[in-house]
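Below is one structure, written out as structure tokens; comments come after it.
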Amino acid sequence: MVPWVYEFHWTAFHVTFLLIFFTVFVTVAATIIIALRRTQQDEQQHRMESIQWHSDFEDLAPAMKVCRHELNGDVQHRVCDNEFDCRSCTLHPVFSARKKKGSLLQYEVYGFSMPPYRLYHRGHTWVQQEDDGTFKVGIDDFGSRIIGRPHSIELPPIGSHLSVNGRGILVRRSDSTIRLLSPIDGEVIGHGNSEKGWYLKVRADNPERATTHLLKAEEVPNWILREMERLQFSFATSGVGATLADGGELVPDFHKHFPKADWDSVLGQMFLEA
Amino acid sequence: MDTTVEKKYKFGMVINLDKCNGCGACAVACAIENNVPPAVQKMNKRNGLTWLTISTVSNNEQYPQSETVFVPMFCQQCEKETPCMTVCPQNAVDVDPTTGIVGQVPQRCLGCRYCMTACPYHARYFNWWDPEWTDGMKQQLNPDVAPRMRGVVEKCNFCHSRLHSAKDKAATLGNREINPADYIPACVESCPNKAITFGDLNDTTAPITSLASNSNSFRFLSRLGTEPKVYYHSKKHWVRAMAEKAQTRSRQADGIAEEEFHG
Amino acid sequence: MDKLLIPRGLQRTTFEKFLLWIIPWLALLAVGAYAIYLCLAEGLFHTNMDNRFAFGIWIFLDLTVIALGAGAFFTGFLLYILRRKELKAVINSAVVIGLICYSGAVLVLMVDVGQPLRAWFTFWHPNTHSMLTEVTFCLTCYLIVLLIEYVPIVLKNRQLRQIPKFLVFEFELHKLMPVFAGIGTFLSFFHQGSLGGLFGVLRGRPFAFREELGIWPSTFFLFVISAAAAGPSFVMLTTTLVEKITRKRLVKDEVYRFLGKVSGCMLIIYVLLKSIDTLIWINSTSPGNGFPAFEFYATQSFGTWILFTEIVVLGLIPALVLLSSRLRQNKRYLFGAGFLVCSGIMLNRFVMTIQTLALPTLPFDNFLTYAPSWEEVAAFAFVIAYGVILYSLTFRYSVIFPQERELGQTNGELSMREFAQSRSVFKQPKFVTRLIDTFSSTK
Amino acid sequence: MKPYLVLIAGILFGAIIGWFAFPAILYHSSDQPLHFSHNTHTGESGGMACTDCHTTNETGRFQGIPSVIKCAECHASPIGESVSEKQLVEHYITPNVEIPWLVYSRQPDNAYFPHAAHVTLGKMKCEDCHGPHGSSDTLRIHYTNRISGYSRDVWGANISGFSSNRWEGMKMDKCVRCHGDNNRRDGCVSCHK
Amino acid sequence: MLKSITRRDLLKFTGGSIIGLMFSPLPWKLLDDSAIWTQNWSLTPKLAHGPITSVFTHCTLCPAGCAMKALCVSGMPFSLTGVPFHPLTHGSLCVRGLAGHHMAYHPLRIVHPHTFSGKSEESSMSAISLKRALDAIAGHMKSTTGTIAILDRQPNRAISELYRSFLQQTERGLYLTSPSREESTLDAIKEMVKPSPGPLGYDFENTSLIISFGAPLLDGWGTPGRMNAIRNSQRAKIVQIDCRYSRTALQSDQWIAIAPGTERLVALSIASVLEEEHFIAQRIRQSITNIRQFSSMIGQFSPEKTAARTGIQPSVLRMLTRELASVNSAIVLSGADPGGGPFDIETERTIAAINLLLGSVGKNGGIVSRKNIPGYQSEFTPIHWSNIPDHSIDTLIVDGADSGYAIPWRLIEQKLTNTSSMVVSLSPVLDQISVHSDYLLPSPAHLESLQDQVANIDAKTATFSLSIPLLKKNENTIDPVDVLRELSARLNVVLEIPTEEELLKNKVAQIHSGQRGILFTYSDGSSTSIRELSSADDLWTALTTGAIWIDDEIHQLPPRSVTMALSAEQPKDSKEEPLQMIASGWRGAVCASQISPILSKVFQETELRHVNGIVSINPETASQLGVTNDSPMTLSTKNGSAAVNVKIDTTVRPGIVDAAIGPNLNGTETPAHPVGNTLLNLCDVTNDGTWRITPAQILKV
């Protein structure tokens, strides 16, 4: 094994063999150490949330990663490869620059209240710019209905920093806990509640680019349609698909109506959490 | 400190099969000498511990023409490409450079038995059981041979402890070279018919050397090229034919070996 | 509680049903554990091995299992080094199977050596000329590599990923995976080869002995290539078996076809080299050692049909099937051929180990037979049970098949369409139908 | 500052355990059955040589510690005043019972050490391996390793395994080193039995 | 202070400790020690340390009494070897003798008097005090009127004389020896000649042709070392007439395979050729009292007439006879297979007659006379077992010494009274006979007591040596002399019984006063005349430290008058049985006593010899029976059946089942469950006291 232990032979074969072994050993050990070191660095440089989102995004099925430009008809078919962050997407400016035909601004989309003055995040939160330049953040109608009445809502403390696709609001309902992705970068400056209709007040880091990546009104109908479809699928895979076929009015609390559904799975899928 | 070059021995054996009557004294003497435990109930020919085993070989003729020869088989102390030595993963087997004896250190052995699959003579034995002696017999073990434990391989080493004693005796007299009469393995000593000749194949004057090169002497599986140091001898044609069944084309290889021998 | 461990969006059976599935395996595991205890605590006489059959069924199964586990390294090699992204669908499965195969093989090895506590002496006083030393070193290192590769799969469990450090470590480790894939390939090359060399170097066993190419006997290379051929086939077979058992689609068909193609390519090379090797052995190596090769096949049940079966029936035929893109389209042919490949490799390992030991070397010796004892079978059953349990747990609580979510949803497609055509909550059913059409046409 | 101190404290703690507590636990100590002074025998008053008692038999075998018969050659009845001699005569010589000495240099059963080859041929002195044992006044406490069962002298009194005394330690490493230095070519069974 | 310790601190401290430990010897020393621990397996025994000494002694396991050199560590023997250049054994020691030192520690060794309740196989054994046992035995002897018999299988020892005296004193005593006697030919000769020639022996060294009828001549017969030397010197041609391819047949110069049970016919045929071709010398014809009757009778047995039954080509026998007649000196002898049992008296006489016809008796190179050992009684005439009336023995004492030959319990049982018999065994181990005993008074084991070793049957001169104990005698064992003394006292038999040592010292004194012969010393191989020894004590000292007394050779005289009392009876034309079982065994290992467990190397692990339960058959027979090699079958005779394992062996005669009378596998027998040889029990003991051939069947299990 080592030269100072008897039966070590100074022959080319023996030495080469052991050198190869030690090289392998050292490489494996070094790689692990590098991985650990990088983990530590990520922690120090607050990359944890983005990595978490990265991991979640990676686990999404391609059907769940439809590009917003497919939703607004800019492109026939495209799967997002930039983790729903249009700000750093190379193609987003290209697509956005194309001339768009105007579309009807709806307050109600398939029965959901989706005011056009709000910008929507794929994780069912919305952002609304206030006059003072700050942003209000809330849960959209679709999201509220599938969450129903939560047991608790945990908001990030005032003064804490949010980052896009990082953890925003933590919602607990029965046995499932769901994190809503933050739609915006910035510092939390105020807390709202369900009565107020919004949950967070945020001072954006970069107000100009703060909303680039959020869905605009014209993209919402197709998006909601897809989301309904997804909801449908997730119900189908939860074994209660047939009950949806009953039709009728949309109810304020899906949760309550379909207690048999695997809500944990449904919520996870709808709020993009693996 | 002493740096004299040691004498290079090449210990070997010639077994005269015509003299062997299959009494088994060699096997028993070997077991007693080397602290090989007696069999437990389930031991048989295939899983027993016999550093020296004896096979009964028939000429396959019908009664009363049928004839039998007994072939003692034990470690053949292969000189070249020693099959068991090269395969041992942790150097528990080696060929002593000064004696040509293939040594086995059971305390190093992990019991993988790779050497046993490598040995063409099946001359290696595994301790499938814990060794068992009665309490009294435990006190009668040879103090010169360490008993082995379950789960390791063991084999003949030409009664190496007797070489130790011979060397010890020589050293007391200030000699480096042993007196050949002091080193006689137990099987050789116990053979009632003196069928086994033991000695140094490097010593051209020793009786073994001429016996080994006798035309009626042969080695098993000599074509494998491992240069075993145990020779067999028989005047019976069918015995030689049996032994050479698998080495009809091995004459050439043998010829080379013999030349080396005399040179 | 159990539910919270299951990855979201994956359909898993109820915990009760899962228990019903696991309990028989646990029972088998217990029986195996008892057999292992007997062998370790009382001695190897519990096996039916003997001095002539010094290696028993375990060497055959170990060699087979390691050849079949080669999918882990070969898939990793193709995915991370040659960048065949489609294999991402099966890499996790290949890693888990590899881990099971290798850890199982090592476990069985430790049971079947006489003094396992001394096994580490090999590292301290290695005889570098021994194939077993190479095997020991590489197997140990590779097992570590496999464990490292397995870590990310575990860390992605729904609860473990909640701990940010784990997830980040998984992420960073995953980025470095090509390093491990490379090392794994390197190590696998050596130990698969050394396992071939294990018997190929046995000068005293002319049935197995092969001439050396460089420092290794030809079986070294044959084993590497045959393992590379068997690995993908085995991944293919196990995956489809898991699909059958779970009644789910887990992997896209093109992945299967790709695995089949890879297997076929490697196999045809193997068959070619094996044929050349066999011819050299029959005409030169074996008679050179004093053993006319056909004498080895004189025992009726171990006749030349074995050679024919090994090279043609279980070699050439599946290779040709897998290489034909038309036949590959047919799943029956694809999996059938895959099965033949694995059987062929099993047969090869059987011949190299068991037949070698059974054949006599001394002229007065006989062909030997050997039947494993229940303890030997149970020790191996332990490995199988352990493998099934580990795979089941990993499958249930981690994501082995990344395509499962997606394929699970396309499975739901049909009912969705039916639903869409009937009464709907949606106000514009036609529109929905069209959307779904678009959606499905993108597949 | 503080986390640093904790780490150092830990290191110190570990080192103390390893260097001092561990050796104390590792060995089991036992006294020899009888007081014996080598010096009395080999010193000026006795004037004996090591080989007068530690003999080699006619076949060259080193006989180790002599039997009571050897003692009886001089001590058939007490020749001095000492208590231990009286014990020797009463408990061992008269009933002809062997003294259960604890051997400091006892090697395991599978080690073979030929004294003749080392002393007669190799011209080594007793002190080279046994140190000043022959001129000691008392017999040391005998330490047995609780794990391996070996006498402590096999490893050496110094737990680190290094010692400035040449005779300390009788591990195989030492045999191999000396044999290597002297260009001896050995097989395993040359020194293992 | 303590409050401020966080988990992180603890972790740090632990981590630091680990680093600290890594820089201490602890992990490395632990690794080293545990490595050593794994190398020292706790179940391996520790070797003895101590001075090595060598001691000469003699083996008592069989009558041969071979000289041995024992190596001892701290006085405990660990190795036995023959004594090189020994004039009688030529340095060889048989397999059984090599492992003799184990016998005292045999797993079936009994070290305390025991009694058996019930005589069935489920008998249970319980310890009993010596006094109670002796009282019970003596009480039984007093209360019954039947014969008191002692079975002594080494009948030439000093203790044998005491046995005979004891029996004589009881006035209803019967002295028995082993039914298979190696000296059977000599016994028959003594019966046929006048005057009595005294003790006879064989002068193999000077003979040219040895014809052996079934005797295991080269497989432990007589003094094995001597027979090996005879064979290896190749001075004499050895012809084996045997139905088995025995080890002797294997090593002989010529093997004549005959049909089983036809030895008498073959011998008669040889005699007829001698007569027909006028090979009988005139001088010899004149000494034969009934020569006319003999000539007329022998004509019926010419080789041509017997060929159909013996299965020998007539020419073969004629050639052999011519050779026999042409050589200077020849010996024809018979012998029992150690397992297969003796020949009947008629066969023995016929074989003996050939020697007389050839004039081999009383001639150098033939059958020679030797003197009695000074101090020992002259020869006794043993009773042939067929002459013992059935159901006549009330008390049987079986001495522990072994002849090496089997005795079926069936034979002994036949002679015991049905109801009230008592068997007392003095065997130190449980064996085939002692398990049937009512009382077991174990004598000291081999090498535990001082014993005499006198000339063996084959010896051409008298010899005397001592077996020196190497092992400490177990205190609970009892010397046979003490048994005799105690019984004499209880039975009011007037007999002075000395201790073993006194007995032997007395013999040595008489040898010394005989002033004959030489003393051969083992340590240096030198010989001294007895006359040069000043006192009997010197002789005693010499004999106890490794020496043998060898008598002078005497001048041979041919017998003056010979009576050829040969039966002319033609064998019955019995229906040929399809399968005949013959028993065969190896001298010393036929369960009449135990062998060292290490002999598994011969029986179990190499199959050189077969253990109990193995039968061998010819491939032809096997195919007729539809039996394959190594298959478990049932062997059945009219005496019962036993489980057997069939081996197919080309050397076995077709139609024969060669049943191994061997020991059991190690560990199958325990003191609580002795097995013995199950096949020996199946043998048919016929009226002539033999059990050579038994009709048998092999059946599927």
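Should a chain be cited, it is by its letter among A, B, C, D and E, assigned in written order, with residues numbered from 1 in that chain.
Everything that follows uses one rule, which is that contacts are C-beta pairs under 8 Å (C-beta built on N, C-alpha and C of every residue); 3 or more make two chains touch, one makes a residue touch a chain.
Treat the numbers as computed from the prediction; the structure is a model and nothing was measured.
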Given subunit A and subunit B, the chains that contact each of them: C, D
Minimal step count in the chain contact network, subunit C to subunit D: 2
Far-end chain from subunit D, centres as C-alpha averages: A
Distance-to-centre winner among chains (Cα means, whole assembly as reference): B
B-E compared against A-C, more contacting pairs: B-E
Centre-to-centre distance between subunit C and subunit B (centres being mean Cα positions), rounded to whole Å: 43
Euclidean distance of C-alpha centroids - subunit B vs subunit D, Å: 37
Centre distance in Å when subunit C and subunit E are each reduced to the mean of their C-alpha atoms: 63
Where subunit A and subunit D are represented by their mean Cα positions, the distance between them in whole Å: 74
Multi-partner residues of subunit E (each touching 2 or more other chains): 39-40, 44, 47, 49-50, 52
Subunit A, residues touching no fewer than two other chains: 5-7
Subunit B: positions in contact with at least two other chains: 44, 48, 55, 91, 107-108, 130, 146-147, 149-151
Chain-to-chain touches, reported pairwise for every pair that qualifies: A-C, A-D, B-C, B-D, B-E, C-E, D-E
Subunit E contact footprint on subunit B (complex, rising order): 19, 21-25, 27-33, 36, 38-41, 43-45, 48-50, 53-56, 58, 60-64, 66-68, 70, 107-108, 130-131, 133-143, 146-151, 189-190, 192-194
Residue numbers on subunit C that touch subunit E, as the complex places them: 115, 117-118, 121
Residues of subunit B defined as touching subunit C within the complex: 42, 44, 46-48, 55, 57, 71, 73, 81, 83, 86-91, 108-114, 116-122, 124-130, 149-153, 220-226, 242-250
In the complex, subunit C residues that touch subunit A: 3-4, 7-9, 11, 123-126, 128-129, 133-134, 137, 141, 144-145, 148, 156, 158, 161, 164-165, 167-173, 175-176, 179-180, 183, 186-187, 215, 399, 402, 405-406, 408-409, 412, 415-416, 419, 422-427, 431-432, 435-436, 438-439, 442
Residues of subunit A defined as touching subunit C within the complex: 1, 5-7, 9, 13-14, 17-18, 21, 24-25, 27-28, 31-32, 34-36, 38-39, 42-43, 47-49, 51-52, 54-55, 59-63, 77, 110-111, 175, 225-226, 228-229, 232-234, 236-237, 241, 244-248, 250, 262, 264-265, 268-269, 273-274
